[in-house]
Amino acid sequence: MAMTGILRPGHVQLRVMELGPALHHYKEMVGLIETARDAEGRVYLKAWDEQDLFSIVLREADRPGMDFYGFKVLDAKTLEHYAKRLTDYGVAIERIPAGELKGTGERVRFETPSGHLIELYAQKQHFGNGLPDVNPDVWPDGLKGMHPSRFDHVLLNGDSIPETAKLFQEALDFDLSERIVGPDGSMVGAFLACSTKAHDVAFIHEESKGRLHHVSFHLESWDEIRHAADIMSKNYIPVEYGPGRHGLTRGLTIYFFDPSGNRNETFHGGYIRYPDHPVITWTHEETPKGIFYYGHKMVESFVTANT
Amino acid sequence: MAMTGILRPGHVQLRVMELGPALHHYKEMVGLIETARDAEGRVYLKAWDEQDLFSIVLREADRPGMDFYGFKVLDAKTLEHYAKRLTDYGVAIERIPAGELKGTGERVRFETPSGHLIELYAQKQHFGNGLPDVNPDVWPDGLKGMHPSRFDHVLLNGDSIPETAKLFQEALDFDLSERIVGPDGSMVGAFLACSTKAHDVAFIHEESKGRLHHVSFHLESWDEIRHAADIMSKNYIPVEYGPGRHGLTRGLTIYFFDPSGNRNETFHGGYIRYPDHPVITWTHEETPKGIFYYGHKMVESFVTANT
Amino acid sequence: MAMTGILRPGHVQLRVMELGPALHHYKEMVGLIETARDAEGRVYLKAWDEQDLFSIVLREADRPGMDFYGFKVLDAKTLEHYAKRLTDYGVAIERIPAGELKGTGERVRFETPSGHLIELYAQKQHFGNGLPDVNPDVWPDGLKGMHPSRFDHVLLNGDSIPETAKLFQEALDFDLSERIVGPDGSMVGAFLACSTKAHDVAFIHEESKGRLHHVSFHLESWDEIRHAADIMSKNYIPVEYGPGRHGLTRGLTIYFFDPSGNRNETFHGGYIRYPDHPVITWTHEETPKGIFYYGHKMVESFVTANT
Amino acid sequence: MAMTGILRPGHVQLRVMELGPALHHYKEMVGLIETARDAEGRVYLKAWDEQDLFSIVLREADRPGMDFYGFKVLDAKTLEHYAKRLTDYGVAIERIPAGELKGTGERVRFETPSGHLIELYAQKQHFGNGLPDVNPDVWPDGLKGMHPSRFDHVLLNGDSIPETAKLFQEALDFDLSERIVGPDGSMVGAFLACSTKAHDVAFIHEESKGRLHHVSFHLESWDEIRHAADIMSKNYIPVEYGPGRHGLTRGLTIYFFDPSGNRNETFHGGYIRYPDHPVITWTHEETPKGIFYYGHKMVESFVTANT
């Protein structure tokens, strides 16, 4: 198929301060489904329309943030292809043995110049989306909370954005869909896609490494964004921005926080993008509009709060 | 990028009985944008968010229907790759010289077992989507009618569905996302994707060859479906079904007709699909629900009217 | 307040063939809340955002249909005012003692020329909408099914439509918002309002008396209409029309049936109407468009099926 | 009809600094329709679905703000009834002769304790909503901008809120639907309705008199709110809050400013309210949630900016 290579965001492992409130947040409020726990006490969750065993892993720790972000690739051969491409590119890779994450095959891990651990893997246990493969309905019963259909992407903060984008483009065949440039014309934000989505991962510059800006969940409509906002208000979940819109990707959005301070996003929309489409550039002056299309004002915490 | 090979539905050439009413329909009602005409009198149209010069070509003729359906591939090398794959598969190909369609490079054409002319091409003149590549807004001013963002797919009627699906899968790397089976278990409907869309082309069986069932345009929301339905009612455009939903693809839909009797669709939604997702099957008994998820009744004209 | 006299549709008593399936339908599918049962076995239900004890009463019987339709009036003095107005108009009234319906004060009942039993009452036990009166959220937790916010109106079939409309206008101070006229110019449909809604009750002609066409429930958005349609499809609830729209009232709609064959409607929208607004007329030729604004085709069962 | 007495917000006269930019804003951006100008240079505008000649009057002046706010009453007799009620209540009334505003009958004007000029009138020239009274479509062609269906209400700032609310309730038969109380339990906000809307006018305390907080326009859906937000962003219209929601009234909202600094609102939703419904109270602690249901943070300018 035309869809080969690196397929999609497959999982993210998040650090949370206390598992109890975190599970209440991600299961009852966001509406993810718990599918497994492991001997280390990690909890595995998925969005309802995902087929694989999990996409979110919660690990209790003494500080919030992201341990690693994994992409599923088409097959074992593809995994080896990209392992070699990374090595040839001069990036050190580490092989995490199958089973270290529940139901997951071997993972090839590397660190980006921005200081983030990224993984590729080819195999994960099938779980299903709650619908049969024969004559399925359009959604299963029993959905809760904001009930996103999938984990969509992460946005990461760190330095060395141009080098990081180059790595994704040259070693991993990602497309640069949009970029933010600083006052001096340098790239301070990179939105990168491995599919026809407007982005599958994004990086925005800051003077440190390995920070998580947000984890994004896909909703089905602007009305589900409103419904999610209602849930946040009813339950006193801290909201940073939204319901709103990004100029970048055109996505409709809410930024909010989990109990550990990890930023979440509910996301809908965003254009379909093909590799022959032009790269979009946001200038320094219009970056506030690019990020906060409704309001045009840079929300202070957007650039100061990450985990 | 992961998105390689055959990228997307690129164009369809439709036969219309009279150009005047057809242009009123596709420009003022549907809201496509005219971008060119050629010496043969053909009119070239595009949806607003498409980047290439055209996606719909109207040709005046004495009967309605589809002349051919074209897919854009990544590049010239990919075009030759698939030309060879088709030839190796035993399919005769015809090379249509560059320029036969305005601003379009060489096309490699073949006929499916179902009797449809399908084309691949690698190059088409860039036109843009009415927005700048620097600091773009989320939509351009001046949109008209139902203002779809893109031409999305066609559904074709003919015989030899299993052979046609096999050709798309084996020679062109399409994925089978969903299939309809007849009372005897044979495949009578095939939904095929070259991307993460639920389908980029579909075939449903009938005892003739080369028929067009519908041409589909993508809208941005269920509310735009309502708006499109309002326009159809105000302007006495014949509606066959909808606003409604398909079980197949989960897409929200309206079926309606152009003045020549070609069926159109406005389409929103549909799941995102990856190649490791299961193939969905619709049984004979539940096919009416699969196609007309709201109502469950097979609309008579759905199986009798095509062009 | 400007809002005086007859306030709103307060209740309808429906006959159902079997209470079990009816309760499954109205509670689990439609999403009404059961608030009481009485010694006669009647079950009392309400929509979540209604304040009074009930709006729908189900009575098991050997045929479906409507026993009576009641309007709440402002207060006891208003009830006596309209009792006298009806008597002065020449209409016989019956007084149903307080308590015959749970938690409900005395009802003044009369029969319309169309053969329907209509009631007025001033008092009903308060139940609340699940939200506090201090710092309420925008909706309560625990809503089920299509979760309408209120019982909205009924449409009734019978003869003597002009006489019935005249009674509502002259004795009860309703406004005629819209009317349907037959080929000979006579009124065959009357939409009547006691508020700023486009209608609080409607009558459409047929050659019998006292028939129920449908009971309507108000949803909050076009997206809730879609959600309701999903539920109907998932649960094989028979749908007659929709998601669609009426030209009359502009309301967005689905017509569907309860297990006893009583037609239900989910309804959203409809204009706000003031008494100084013009009466809208639908001619015989355009009545199909007026009722089925999407499609323009008179659905056969619309004029043949009632209870 | 039940709908008698004071019917609805009929007009507001706004002061704008320069007519040119104001007309661009209200006509091209908001999408009001200009229907008349007068010898004084005032411009008369209406929302598309209003029947009367105008609802917004723009007057060029050296400071922004509101000159007066007028309610339409049912008829001349009602006008005299309320003139007497006001006089009996001890409020001085002024009679503005017919014709002072274009096409408008005599107006009875008084000043509220909060320092605002309020008017009642019974007659205004009919203009229509662009749709015929026979077989109308659901909206007319040619709508522009955010195309609200009506002018909905104003929110006013001033002192003496309890006295002002009392006047509306006791002399004008308005209902108090919601109130905000201060730390000491005193009423600092009053939401008042003359219909089944959640409010037709509102007052919030500040230590001055006669200030305008915002003029509100009704949109048809949450999706139209999004569309309006897109227009504001594209055109750099200053947005204060939203798309968001109020806990008070449950309305979906955007606050934005006209070029003179007058605050506008686009508004959708809000519950239907009857006079037998409980009054809702917002405590001091939860007032930020009541006003800014999405976010819970009091926007600084909300309490400092008015005109």
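Here the chain labels run A, B, C and D in written order, and each chain numbers its own residues starting at 1.
Throughout what follows, contacts are C-beta pairs under 8 Å (C-beta built on N, C-alpha and C of every residue); 3 or more make two chains touch, one makes a residue touch a chain.
Note that this is a predicted model, so its numbers are computed, not measured.
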item	value
Remotest chain, subunit A as reference, centres from CA atoms	C
A-C or A-D, whichever has more C-beta pairs in contact	A-D
For subunit C paired with subunit D, centre-to-centre distance based on mean C-alpha positions, whole Å	31
Centre-of-Cα separation between subunit D and subunit A, whole angstrom	43
Where subunit A and subunit C are represented by their mean Cα positions, the distance between them in whole Å	48
Numbers and ranges of subunit B residues touching at least 2 other chains	137-138, 221-223, 230, 233, 245, 247, 289, 293
Subunit A - residues contacting subunit C, complex	137-139, 141, 221, 223, 230, 233-234
Residue numbers on subunit D that touch subunit C, as the complex places them	1-8, 49, 51, 72, 74, 133-138, 149-150, 173-175, 193-197, 220-223, 245, 247, 250, 269, 271-272, 274-283, 286, 289-290, 293
Of subunit D, residues touching subunit A in the complex	222-223, 226, 229-230, 232-233, 236, 239, 242-245, 247, 252, 289, 293-296
